[in-house]
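Structure provided below as structure tokens; questions to follow.
As written, the chains take the letters A, B and C, and residue 1 is the first residue of each chain.
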Amino acid sequence: MIRSRRTGLLLDALGLAVAVAIAFPVFWMASTALKPTGDILSATPQVLPWPLTLEHFRTAVTRPLFGDYLRNSLVVVSTAVVLSVLVASLAALAVARMRWRGRRAYVLLILLAQTAPLEALLIPAFLVLRDVGLLDRLPALVATYFIVTLPFTIWTLRGFVAGIPVELEEAAMTDGCTRVGAFRRVVFPLLAPGLVATSIFAFITAWNEFVFALVLMQDERHYTLPVWLSTFRTAFGTDWGGTMAASTLFTLPVLVFFLLVQRRLVTGLSAGAVKG
Amino acid sequence: MWHRHLIPALTIAALLLAGCGGQEAAEEGATTEGAASEAAAPEPSALTVWYMTGSLPDDVAADLKADFEAANEGATVDYQVQQWDSIGEKLTTALAGDEPPDVLEIGNTQVAQYAASGGLADLTASVEEFDNSDTWLPGLAEPGIWEDKTYGIPFYAGDRTVIYRTDIFEEAGLEPPTSFDELLALGEPLRAAGVMPMYLPGQSWYTLASLIWDEGGELAVDDGGAWTGALSTPESQAGIARYKEMFDALSGAPADTDEATPQQFEVMAQGDVAMMIGLPWELSGAVDANPELDGNLGVFVLPSRDAGEPAPPFVGGSNLSVPLGSDTPDLATEFIKLVASTDYQTRLAEAGAIPNASALAPAAEGNPVLETAIQAAEVGRATPVDPAWASVETAPNPLKDLLTQVLQDTPIPEAAAAADELIAERMGS
Amino acid sequence: MATGQPVATAPAGVPGPSAAAAPLPPGRRAGLRLPRRGWLPYLLVAPSVLAIAVLLGWPLVRDVMISFQQLGLAEFIQRRTVWVGFANYHDVLTDRFFWTVVARTAAFTVVNVTATLVIGMGLALLLQAVRRAVRVTLSVALVLAWAVPPITATVVFQWLFDTQFGVVNWVLTALGGDYADHSWFASGLSTFGVITLLVVWQAIPLVALTLYAATTSVSDELYEAAAIDGAGGWRRFTSVTWPSIRPMVLLLTFLSVIWDAKVFTQVYGIRQGGPNRETVTLSLYAYQQGIGSRDFGTAAAVSVLMVLLLVTVLAGYLRLMVRSVEEAQ
């Protein structure tokens, strides 16, 4: 992207200002988590937490069953995300790269699947799972999160695959690659940003889901992290410090995941600049 | 090419299966009843007990478990502490599932709907075997009865009193009021002393209920099978008018918030508030948030119009029930007997809860906050005992909207009529 | 059904020169050794079709069935099936408040979607235009906003806009405005303002990052060529950037309409539909009439109506998108 020096600096400044504005509520959450309880609600808002306290974080992780919740969330969500991205990639390839009878109907199916009202399906899903005896089993949650994220992932990946000129693959193959090799060396790097965006979406969606996890699971040892988040609303008022500490911790895995993969998103087309 | 038809065929097959699943569920009928009646008490057996967070202090829960397991050989108690978030959905699906828990705690405003649903076991036959069952608090016992059968056993109660700053009162030379007018008269001197007389959020409908009941009005009445809102009666309107009077005279809180947003005890902990209407734990919460308040907080009952009497407080609390699908109903009943026993009720009182029977009131001796709460609870009332009442409380709550409207100067008759209509609608569906 | 023909005539690809590639060296098959080529696409989509049919279709069919039943707490727990025909639909469609809510939800959706897409697109372009360090910072800020649990975000916004203790009032008063104890939740419109801010804040990251990802697939050379041809910033946008992100914008609009029409947590969390039911949207209505009242038949009916409404509104979009798939090849 071409830019002059001066506009460049202005844009950079704007970018930073916007980043600060967007991150402010998140900052507020984290700073509340570090404030002593008495300072959380005050007539003169305290922007910076001082004195700092880690007691809320301590309370948050020493909650009973925290380890179970964390483990369940990690297992369920990563399985669902991996499944979703895998299945969606296959479908995206078929839709974007091949012509076949029924493709139109399939596309319509995917689009219509997006309109499905998730919240309203809580009771029907409960009934279905009860019929097949899968209530209170973690795979039921994996299946739920998988299907919730699948349509979006398919459609987005299709868009990305379609955006990659097939000549690039063909050129790679004339240069001696196998089809799979061409895919790996040419298509996959270009697909990476799309995979990143969709997997973050899938991760966040599944990671935050509360009601299905609460209702479809019965034994408390099968609950996930969002339920943990709700335990700070006790019979004796809500522990705001605890809630904010828990929420901050809750946000961290997503952040870590993003930091690990953001190079893919940000560098984009640098890999193997194939001249057309 | 047959594979062309594969996908449509699979889809149709799946949909057909869906239809079949529906039929099977329908044909099952009330098999849960059969399961419960033929359950012998197997040994060893696990008793799954669900109680709400905060209902049982940890040591009481531990002792209950130890005592129960000692008295019932082979039984083990598995506690599952429930959270408040989405508890309605949780209870509903638990009762409809294949393996419901054995003991449930249900709030007294919710128990009627579950009793009427056919999901709870009929405990009428065992009522006499519970300690103090003849002096159970009506506010707890009545909601547990549906069509003359008992489905819920009183667990514990709580009600609101006025929590006040004894040090501020002392400095201003004021005494706790004994009548409603005296309470209103506190506004001026307290403001002169530089504090907010009372932090009363506009949407405190529990307080509104107290005032309505004090005037002889009702929230809703059963008109021969159909419930209608009763807020438009002269008595109820008088109660609403008094609420507005109190708010205007005393409160510095916003007219459109309730007592949880922000938490009122946290506001009180800021230090410039002289009174608030709250539950005993809110008092300790305020002290936790601001240790300087320790020793400077006291309580008095919200006074009635008539001097020397308390206004009927809103009595909240919980009941204990046994799901119909429990595989150990007898054991479950035994457990509830233990929780409702004089011994354990006394322990709950020591922890600050109102015990389930008026005969146990002496257990509060030495705890002035609790004594005051119990004194008020004697004339306490609960919401209409009907399964449909729960949907009135589902947000948006018409009573809260009524209050905000009135406090923002909508004429009372108009606002009351609108609220009545909504109540009738919700209770009728 | 093609049978192992050279890749050059493969049907996939984007608009551009096709079938111009050199033939493969002898002995090189066009693909992995699979049974007849015709199998492949069906094999690839089979998992997703199966998943959607079973995991989505089955509960959906059940949902529609329930909408024709009276399924209250009693029927649900006792596992009774009581058919009542269109009674649930009748109750909902004859409720005047329902139609108010529909109109209100439509307006709310339009505002939210527009804001999300416009700002999101702006941010995507900004991400493209800034240097690497700033880009990473901005992306991290966006991901943080996206990752905060909606319920926590709702609480934080409530605090920020609190009447007595909120930062917003404090800052505005400090800047000289008369905002001490200003209630942001006194009117439906103002409350919606806060809700929109909250929803859009968490919706922008997906749009910004996905559109930015789409722009990365446009090679720099195209921009250079445009610059050489003398095209200014706006022209570069319309002729180079826009065509590559247009399909994604279309998709995101489609999805945003669906998601914003159905948003629940934030609307419920802020004021539970108040003041005076002025911020009750369709999802809150469904909740109050349905799950909240333990009337699952009505809840199902409302959800079916919602889907029908959405599909009707989006029919045009649906056609466009199905066609765009065809055109792409």
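In this section, a residue touches a chain if its C-beta (ideal position, glycine included) is under 8 Å from a C-beta of that chain, and two chains touch if they have at least 3 such contacts.
These figures come from a predicted structure and were not determined experimentally.
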{"item": "Target chain B, source chain A, minimum contact steps", "value": "1"}
{"item": "Comparison of A-C and B-C by number of C-beta pairs in contact, larger one", "value": "A-C"}
{"item": "Inter-centroid spacing, chain B versus chain A (mean Cα positions, whole Å)", "value": "38"}
{"item": "Computed distance of Cα centres, chain C from chain A, in Å", "value": "14"}
{"item": "Mean-CA-position distance for chain C and chain B (Å)", "value": "38"}
{"item": "Multi-partner residues of chain A (at least 2 other chains)", "value": "41-43, 122, 127-128, 210"}
{"item": "Residues within chain C bordering two or more other chains", "value": "38, 42, 45, 49, 58, 62, 76, 159, 164-165, 287, 291"}
{"item": "Chain B: positions in contact with at least two other chains", "value": "4, 7, 18, 21, 25, 89, 96, 262, 267"}
{"item": "Touching residues (chain side chain A, partner chain B) in the complex", "value": "37-38, 40-43, 101-102, 122, 126-128, 130-133, 135-136, 210-211, 214-215, 218-220, 227, 230-231, 233-238"}
{"item": "Parts of chain A lying in touch with chain C, wherever the complex brings them together", "value": "1-3, 8, 11-12, 14-16, 18-20, 22-23, 25-26, 28-29, 32, 41-45, 47, 87-88, 90-91, 93-100, 103-104, 106-125, 127-128, 143-144, 146-147, 150-152, 154-156, 158-160, 162-167, 169-171, 173-174, 179-180, 190, 193-194, 196-197, 200-201, 204, 208, 210, 226, 229, 240, 243-244, 247, 250-251, 254-255, 258-259, 262, 265-269, 273"}
{"item": "Partner chain B, residues of chain C touching it in the complex", "value": "1, 38-39, 42, 45-46, 49-50, 53-54, 57-58, 61-62, 65, 72-74, 76-81, 91, 158-159, 162-165, 181, 183, 185-186, 268, 272-277, 280, 284, 287-289, 291-295, 298"}
{"item": "Chain A partner contacts - residues on chain B that touch it in the complex", "value": "4, 7-8, 18, 21, 24-25, 52-55, 80-81, 83-86, 89-90, 93-94, 96-99, 260, 262-263, 265-267, 269-270, 281-282, 284-285, 288-290"}
{"item": "Residues on chain C engaged by chain A in the complex (per definition of touch)", "value": "7-8, 10-14, 16-18, 20-22, 24, 28, 30-32, 38, 40-42, 44-45, 47-49, 51-52, 55-56, 58-60, 62-63, 66, 71, 76, 123, 126-132, 134-153, 155-157, 159-160, 164-167, 170, 201, 204, 206, 209-210, 212-214, 216-220, 223-224, 227, 244, 247-248, 251, 254-255, 258, 262, 264, 283, 286-287, 290-291, 296, 299-300, 302-303, 306-307, 310-311, 314, 318, 321-322, 325-326, 328-329"}
